[in-house]
Amino acid sequence: MAAGFKTAEPLEYHRSFLKENCRPDGRELGEFRATTLNIGSINTADGSALVKIGNTTVICGIKAELAAPTVDAPESGYIVPNVDLPPLCSSRFRPGPPGEKAQAASQFVADVIESSDVIQKKDLCIEKGKLCWVLYCDIMCLDYDGNLLDACIIALLAALKNAQLPEVTINKETDLAEVDFQKKNRLKINRHPTASSFSVFDDSVIIVDPTAEEEGLSTALMTVVTDEEDRLCMLHKPGGSSLSGEKLQDCINRAVMRNREVSKLIDKVMESVKAKK
Amino acid sequence: MPTDTKRLRGPEESQSPMLFLPPDAQILKASSRDGSRGHADVRPIFARCGLVSQAKGSAYLEAGNTKIICSVYGPRETERKDETDMKSGRLLCDFRLAPFSCLKRGAWIQGNEERDLSVALIESLQPGVCLHRYPRSQIEINVVVLENDGSILAHAVTCASIALADAGIEMYDVVLGCTLRQDGDTCLVDPTFAEESGNWLGGYGENQGRVTVALLPNFNQVSGLHADGEMREDTLTEAVRTCMDGCHKLYPVVQHALLRAVKRKAPPSVK
Amino acid sequence: MSPMKLCVPGERLCSTEDCIPGTGTYLRHGYIFASLAGYVLRKNEGEELPVISVVRETEAQLLPDVGAIVTCKVTSINPRFAKVHILYVGSTPLKDRFRGTIRKEDVRATEKDKVETYKSFRPGDIVLAKVISLGDVQSNYLLTTAENELGVVVAHSEAGVQMVPISWCEMQCPRTHAKEFRKVARVQPEYLQA
Amino acid sequence: MASVQVSEAEKVYIMHGVRDDLRVDGRGCEDYRHMVIETDVVSNTDGSAKVSLGHSDILVGVKAEIGKPRALVPDEGYLEFFVDCSANATPEFEGRGGEELGIDLSNTLYKVFNNKHSIDLRSLCICPGEHCWVLYVDVLLLQCDGNLFDAISIAIKAALFNTRIPKVHISEDAEGGKEIELSDDPYDCVRLNVENVPCIVTLCKVGQRHVVDATLQEKACSVASLLLAVTHKGMVTCVRKMGGGSLDPESISEMTETGKRVGKALHAPLMDLLKKEEGLGKNRQKVGFLR
Amino acid sequence: MAADMRLPTAGEQISSSSLSLLDGKHLVVPGDVITSDTGFMRGHGTYMDEEKLTASVAGEVERVNKLICVRPLKTRFNGEVGDVVVGRITEVQQKRWKVETNSRLDSVLLLSSVNLPGGELRRRSAEDELSMRDYLQEGDLISAEVQSVFADGALSLHTRSLKYGKLGQGVLVLVSPSLVKRQKTHFHNLPCGASIILGSNGYIWLYPTPGQQDEEAGGYYTSMEPVPLSDREVISRLRNCLLVLAAHKILLYDTSVLYCFESSLSHQIKDILKPEVMDEIVMKTRQRLMEQEG
């Protein structure tokens, strides 16, 4: 009845593994799950990417639309990220408006975009005060097995890199916009942030890339976002047990390493997509 | 209109770049199927089970560029109780079109179209599921269309039935779906998005319509039938027949996908 | 071993003259059809005809049915009944939560009127029970423990230590040696391993 | 949907009756209950009708408002449907109880009218790309006694027949801006051509046969029904299989055939009646809701 | 196929002929003072307003000696012990069934108030309790008698007689309880070829006249054999006749139903419910009833 132990006393079950410095799925404490990436698979989107971290699957599709810039910032466009956790991805989510978790994730992604400057909003401006791009970055989770945030950021970054926008000019005579779908331009990616999530077990043991079950049993969660120049963009630790400075530094170091791995992955996949064309 | 406070909203109003195209340029060309496939041919489909680890059963289906993913949860205790649930279970459906799945960006909030699709999906699947084996329980079917390139209802039916079978839900038969686009005297089976909407907008011709049929292939029973447009009765009857033929063509692929999933799991020990 | 035959729902397996329908199948017009995707299994069970069934590696979607032995966890107690979550049907874990009720009169077979639910179960106990009815509109699955083999199999004492049964109605804490009342199941060998 | 409980034995009785072409109320399989139709029952709409079929009572009001044409079809007006399931009909509809059914019904109505011929939408256009008439068709269920779809479609056809849209005059002012002026003469109005508006026929499969205009009891005995919207020419504008059962291809073609025949035959008496009522002119004694 | 469409006919003004029918009837609406004489006793449907006996419902005043009641025209069923009712099972609960009988509250049928198969005087075991749904399940119709009335007005029913129990094939017609005349027996085998149970609660059950041997199964066995077409015709005609009578507020009892049936014979069954045919049948029936009363 080993399976019985697992369902009846899940916490004890996990502890028994952590004692041996390993995890129920055979990973070491500091090991990420296999991460795969698929870019540009959605033809109806202007840019798209599908990311799998272990079982967790996230898809990001970017749709660009035209709008007038705000009066406060006539030279910048909009980036509107939304994360959706449909009931498809796990039985814990119900149909209807987004729950707390989805709202928090959307806000997190928006904060990362803001603080890391992944795209400079003024690059999205077409004509000052008149016309600019709106990038709707819709992120949908298709399989929820923990560590949603890491997957979201990778998907977002890869989809942005994949995105191509048609050329828009403003006709001087009619003062109307004209779109040329023959000429397409890529977005200028300013920074390459990646996120790394950690979860704290029994206030002391830190593991990376937690699964959904590990997230549920842990006493605290933390996400560190760094960019390609090892700068810390964001640190997200919503409550839970406290953490020493030393441990935090370890996490940041691990996050820096993770950034290299992810960048390599994105570049490799981008290359192979280009090679195909 | 209440504002959506639970999502991040962009500007009040934004327009798809499609609307700014010079009027002569056409994006939607109701292209004739020259050479690539015959009018009665379905697109080759690709189907696989078990992609969503959290679900009891799941399936992913690709037909041309149409991409649909479906997961099944349950049977679990019903949330709403009334007498009818005592004897048999019920199917619930959440049908979504991802915002980036259509040519024009869709809204997050479930619209009438999605609601209509989910009702149609349940009606089409229900005859195929042995609901009496699941008293007092509900089975949840969640469908997300990742890319809409036509015939989504038909493919969602096929995809959901694979997911149900993958979840080990007892079924009388698998359910297969096929759509047809009638345009005057020509009919296009398994239309793409362009074919589906093509002439529709400008056409004032006779005999225009769309027919979707869901079929239980082993019993040759029609479990779902949806049509709109304006068609002669004989055209309609013929269209139903053509769709049924289209459904039968999918059967080997569906069978193969399911058997593959069964084989991947170790065979049961023969006691 | 020859490769086993596979099937998908709706496939005709055989006539009722050749086999008796088992799990994962259904009858229609004198033929047996598969209702699951899985392996086709024919087994002789001493009857005239073999039983044909369809099995999957992951057990069929069992729902608690009348007569099934289930493992459950007690969630709350009141003087009239105990509420439980059903975790297993037989040895198959349930993925989703089903709730059940053990009424006072179904706790044990004898002296039904003297049963006190508080002296039979405590929240958190793991109990082996049998389904007697699917319940009506208001209530959930009705369960009974009125058999020797049924009742509490795992319980923790107030000190938080797993207790050992000392009689059919008492368990003892190995640390504090305090005795607590329970409707104890006669220990079955497979549960000792857990 | 409002439903009734029927015991197994009652079901058997009803099913055998259908088999013998003698339904519980004496009707044959293709007979409708008698229908009472009156138009112009609500004075503050542009067109209205009330239909009772058995004890199903439907009220339809049509309001014409000026709106903006849809971007993809700038030279057409459009119809909007809304079905309100009032708690008057059954306590089940109280609160949000009727919402699902209402959305279901209106979604089907959109499909029924999703073609170019039911209503000449171009006649609703006032000024391409800028102004058009939008017809808001509001359906109110007052009582449910089965066969709502058929009754609703007849009520809509009658209400559209009754609809009078004021004439508009477009004048251009000095700066080239356009101004829309509504005629204030109530008799100066446009009528819609409702010839092609389809009627819905719902066929319920009961046992081996199918019946039209099923009562709630008969509906309870049926696992599948087929809805067909049929024009007076016999064109089919919408088909939908409803209910949890399946149909074999032969019954589908039989049902389509019956549906077309019955649906086609509904139009003539309806139009005759509507014209007869109109012929009575203003002298007609309005009955409305008092009976 | 037939589709009969028509314009509405305005509600007819109360003509002098129909008024004459009301002769000698004391009709009141809520608030009407029935009498200011204090010598009367206050019954159902009345209240005392400043020492005056006032009606609280719309209906007909009934006087029994010193007791004054108002019998409402439209009402839910106010059951009394001994009433024969027809009801539908709505819920199977522990040890009892809930029954819808058109009363204000759901009625109950206790497991101990039914005859179970295998002898009348059997103790109800726990197995019986769990297999209650096998005897009667949701949706089933029963005929029963009111055994007692609870303090809150809910009825307790029993079926402890061979004539009560589960109903088989037939047709249920719902009318207002006030239209069902109280009689010695509410079970009739009508000479026109069908049987009727006139439930005091306004639920009327029409069914083919049973053969002789049916009764032995204790009322829990129902035949699913097809009913012959001739019997169906009679039942359908009776059903429509009942609706005609109810629409014109004529008291229902075996004679009135039978007269109405006979008056309808010149019309097709499906035409009976057309307003003009209805009027004609009702007139004939009334005439015959008056002749009979002399």
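Each chain carries a letter (A, B, C, D and E) given by its place in the written order, and its residues are counted from 1.
To be clear about the criterion, a contact is a pair of C-beta atoms (placed from the backbone, for glycine too) under 8 Å apart; a residue touches a chain by one contact, two chains touch by 3 or more.
Just so it is clear, the model here is predicted, and its values are computed rather than measured.
Steps from chain A to chain D, taking the shortest chain of touch contacts, total 2.
Chain nearest the geometric middle of the protein is B, using mean C-alpha positions.
As a whole-number value, the distance joining the C-alpha centres of chain A and chain C reads 43 Å.
The centroid of the Cα atoms in chain C and the matching centroid in chain E are 48 Å apart. Centres computed as Cα averages put chain B at a distance of 50 Å from chain E.
Taking each chain's centre as the average of its CA atoms, chain A and chain E sit 69 Å apart. Shared contact sites, meaning residues of chain D that touch two or more other chains, fall at 5.
Looking at chain C, one finds that residues 96, 136-137 touch two or more other chains. The residues of chain B that reach two or more other chains are 73, 76, 83, 86, 128, 216, 219, listed in rising order.
Per the touch definition, chain B reaches chain A in the complex via residues 4, 6-11, 13-18, 20-22, 25, 27, 51-55, 65, 67, 69-71, 73, 76, 94, 96, 98-103, 105, 108-110, 140, 142-144, 146-149.
On chain B, the positions that touch chain D within their shared complex are 19, 83, 112, 115-116, 119-120, 123-124, 126-128, 131, 201, 203-204, 208-209, 211, 216, 219-233, 236-237, 240-241, 244.
Looking at the complex, you find that chain E touches chain D at residues 1-11, 88, 90, 138-141, 167-172, 222, 224, 226-227, 229, 232-233, 235-237, 239-240, 268-270, 272-274.
By the touch criterion stated above, chain D contacts chain B in their complex at residues 5, 71-73, 103-104, 106-107, 110-112, 114-118, 224, 226, 231, 234-249, 252-253, 256-257, 260. Looking at the complex, you find that chain A touches chain B at residues 41-45, 48, 55, 57, 59, 61-68, 70, 78, 80-82, 84, 86-91, 95, 97-98, 102-103, 106-107, 110, 134, 136, 138, 140, 142-145, 166, 168, 176-179, 181, 212.
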